[in-house]
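Listed below are the structures to be examined.
Shared between the two complexes below is subunit A, which has subunit B as its partner in the first and subunit C in the second.
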Partner chain A sequence: MELISTTMGQRQRRYRETYRERVAGWYNGWLHVMIIYLAGSSALYIYGANTANVQWWEWLALPFGFISYQISEYILHMYVMHRPRKNVVLRALYIRHTLMHHQFFTKEEMRFADHKDWRVTFFPPFTMLGLTLLSIIPSLAAGIVISENVGWLLMAALTASYMFYELIHFCCHIDDNWLVRNMPLINTARRHHTAHHDHALMMRVNMGIGTALPDWLMGTSDLDCGFWGHLFNGYDQTHVRNDLRRSFVPTARASAQARS
Partner chain B sequence: MPTYVKLLGSLVMLAISGLAALYEHSKGLQWPTLITIALGVFLVFSIWVFPDVNREK
Partner chain C sequence: MKTYSGDRTIDGVIVLVDQARLLPDLGGAIFSDTGFEWGYDGPGPRQLAYVILVDHLGDTNRAKVLVPRFVEGCIAKLDNEWSISSVDIEAVLKSPERTGQRA
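And then the complex of A and B:
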């Protein structure tokens, strides 16, 4: 089970074979996705059912929570997933991400071969459990200090933002097609994330996955443009910084080569 | 994922979902109460049966 036409090197090919051997045979990517989105949707239903008579200003908890998650994900990615730590949980995240995900996908080949490869991209179910537990702390505080609705809406926003992250990250690793090439946000994320999978750049640039905006805020983007540019850049390489090693291979070109 | 981490996460998750279900029950929310219990059990079950990736074969 491997892509027939691909530009990947032998090292990456061998790693992908090894990784697949290490995953239990019964693993099913569709089941994995179902677990994440069934649990997430159920959680959103619960949070929504607990709100009542929401005031206009209480809805602001949604964008606040959504953006907070994306910034937290950026920080986790920058300072945990690419930095080995002594703590067993943090180290497991580093191993799973830098030593597995970044070996499995490189800028030469970013695509899944089939649904069994989704194991290396979607987080395991423990993440949803951990996210729920972590979300309770700020949400409970907001529920007590501000209002109960704000607490529940904050929980909902954090969960939805995680589900959004998983969707975008998944779209970064599927084959190129008209939809992802032209869909705003997704096309920007695909170029942004492919550049991040360049081993020469992965430790320092393009740490935002759901959105490139945290990279724009923190100055860790490979693009030299502003807010809107980071939101809607698409596959355009006009603004790629000159002071970085320019080794990005567009997914569109890789896919075209693979098809030819 | 180490077993003790899974065990700790499971116990905390079951406790939280139990408390949340009691709270919802006190508010008269019948379906959210049931779904909260089901979600807690489902998440705990899924982390135990989900396949880990072995580092050595």
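And then the complex of A and C:
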């Protein structure tokens, strides 16, 4: 199944066909999403049930966890998913992302054709387990050093941040509609992520997905504006930098351009 | 005149010279042992620049010296799939060096 009305080129169309041929026939996107969100919701329930008499300052673990997750996601995206590494697991992430996700979706065509295409966007279901195991280390430390509540809230923040990431990334690859066009954060993420799928920019620019703020902090955003602009830019193209695309022009073509 | 081309495929990154596979360790894995990449400055792009220059110049020492200039002038600007000729390489190596680009 492929989109009927599309501006994608032949290369992308062929890639999508090849990818779909290799995806197991039993794959079901709805089941994939259900596993992720059921596991996440169950974990959040358990973490919440273990908190008691939360002090006002202990709630700060939530924004702290969210910000930590955004920074970690940026680092993983920039330095692992777009950079080949020797480690088998890290290399698999690079292959799945740069060689699959970015070839399947380009700025010319960012949309899924149906739920079977979700496989090339959502992380595998076991990611939630891996994230939970990784979250235990800082959360346990916070639980021992600061308070039990802070430990549980940190676990909750990291799990919820991953669920938020998957939701935002999913929304970046669905058809345009009134809701995603007008929903704050989601509309900003959609423009930001579409620019990231520009092949001339994808290895350097717009690595934040959940929010564009890490790109603003690290100077890797395609926008020339401040904190609030990066949070609520929406689809606006006014502040897009025009000095980022630096595609190499072969000599013969450059000469021809100079002559004309 | 030789033609070099590269593509990111579902089976991996492929770089060809006149339709033959260009091996990532030609002249030694000096900058990276994880293969080729392009579109930015880093170990993978530097290794690609080095191997292309070794193949083009036939001189590993000169290739190593010219890597930063070739990365900045060409490899870091390459698109997802690309094709360059020996003439392009010479043009980049003869062009004046520039530094200090954002992102």
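The criterion applied here is as follows: the second predicted complex is superposed on the first by the 245 of 260 C-alpha atoms of A that agree within 3 Å, B and C clash if a C-alpha of one lies under 4 Å from a C-alpha of the other, contacts with A are read in each partner's own complex, and residues count from 1 in each chain.
As a convention for this text, a residue touches a chain if its C-beta (ideal position, glycine included) is under 8 Å from a C-beta of that chain, and two chains touch if they have at least 3 such contacts.
Fair warning: this is a prediction, and the values are worked out from it, not measured in the lab.
S.K.: Both complexes share subunit A, so when I overlay them there, do subunit B and subunit C fit or clash?
M.R.: fit
S.K.: Determine, under the contact definition given at the top, whether A:1 touches first (subunit B), second (subunit C), both, or neither.
M.R.: neither
S.K.: So, does A:22 touch the first partner subunit B, the second partner subunit C, both, or neither?
M.R.: both
S.K.: Return first, second, both or neither, reflecting whether A:39 touches subunit B, subunit C, both chains, or no partner chain.
M.R.: first
S.K.: Touch check for A:100: first (subunit B), second (subunit C), both, or neither?
M.R.: both
S.K.: Thinking of the overlay built on chain A, is A:125 touched by subunit B (first), by subunit C (second), by both, or by neither?
M.R.: Once the two structures are laid over each other on A, A:125 reaches subunit B alone.
S.K.: May I ask you to decide whether A:92 touches subunit B, subunit C, both, or neither, giving the answer as first, second, both or neither?
M.R.: Only subunit B; A:92 stays clear of subunit C.
S.K.: Taking the superposition as given, does A:137 touch the first partner, subunit B, the second, subunit C, both, or neither?
M.R.: neither
S.K.: Can A:145 be said to touch subunit B (first), subunit C (second), both, or neither?
M.R.: neither
S.K.: Quick check on the superposed model: minimum Cα to Cα separation from subunit B to subunit C, whole Å please.
M.R.: 6
S.K.: Which residues form the common part of the subunit A surface touched by subunit B and by subunit C?
M.R.: Shared contact residues on subunit A (touching subunit B in one complex, subunit C in the other): 18-19, 22, 95, 100.
S.K.: Within the complex, which stretch of subunit C touches subunit A?
M.R.: 8-10, 12-13, 32-35, 37-40, 42, 44, 74, 76-85, 87-88, 91, 101-103
S.K.: Once bound in the complex, which stretches of subunit A touch subunit C?
M.R.: These residues of subunit A touch subunit C: 11, 15, 18-19, 22, 82-86, 91, 95, 98-100, 102-103, 199-200, 202-205, 219-221, 243-244, 246-248, 250-252.
S.K.: What residues on subunit B touch subunit A, complex-wise?
M.R.: Listed in rising order, the residues are 1-2, 5-6, 9, 12-13, 16, 20, 24, 27, 29, 31-32, 35-36, 38-39, 42-44, 46-47, 50-55, 57.
S.K.: Which of the residues in subunit A end up touching subunit B in this complex?
M.R.: It comes out as residues 18-19, 21-24, 26-27, 32, 35, 38-39, 42-43, 45-46, 49-50, 88-89, 92, 95-96, 100, 119-120, 124-126, 128-130, 132-133, 136.
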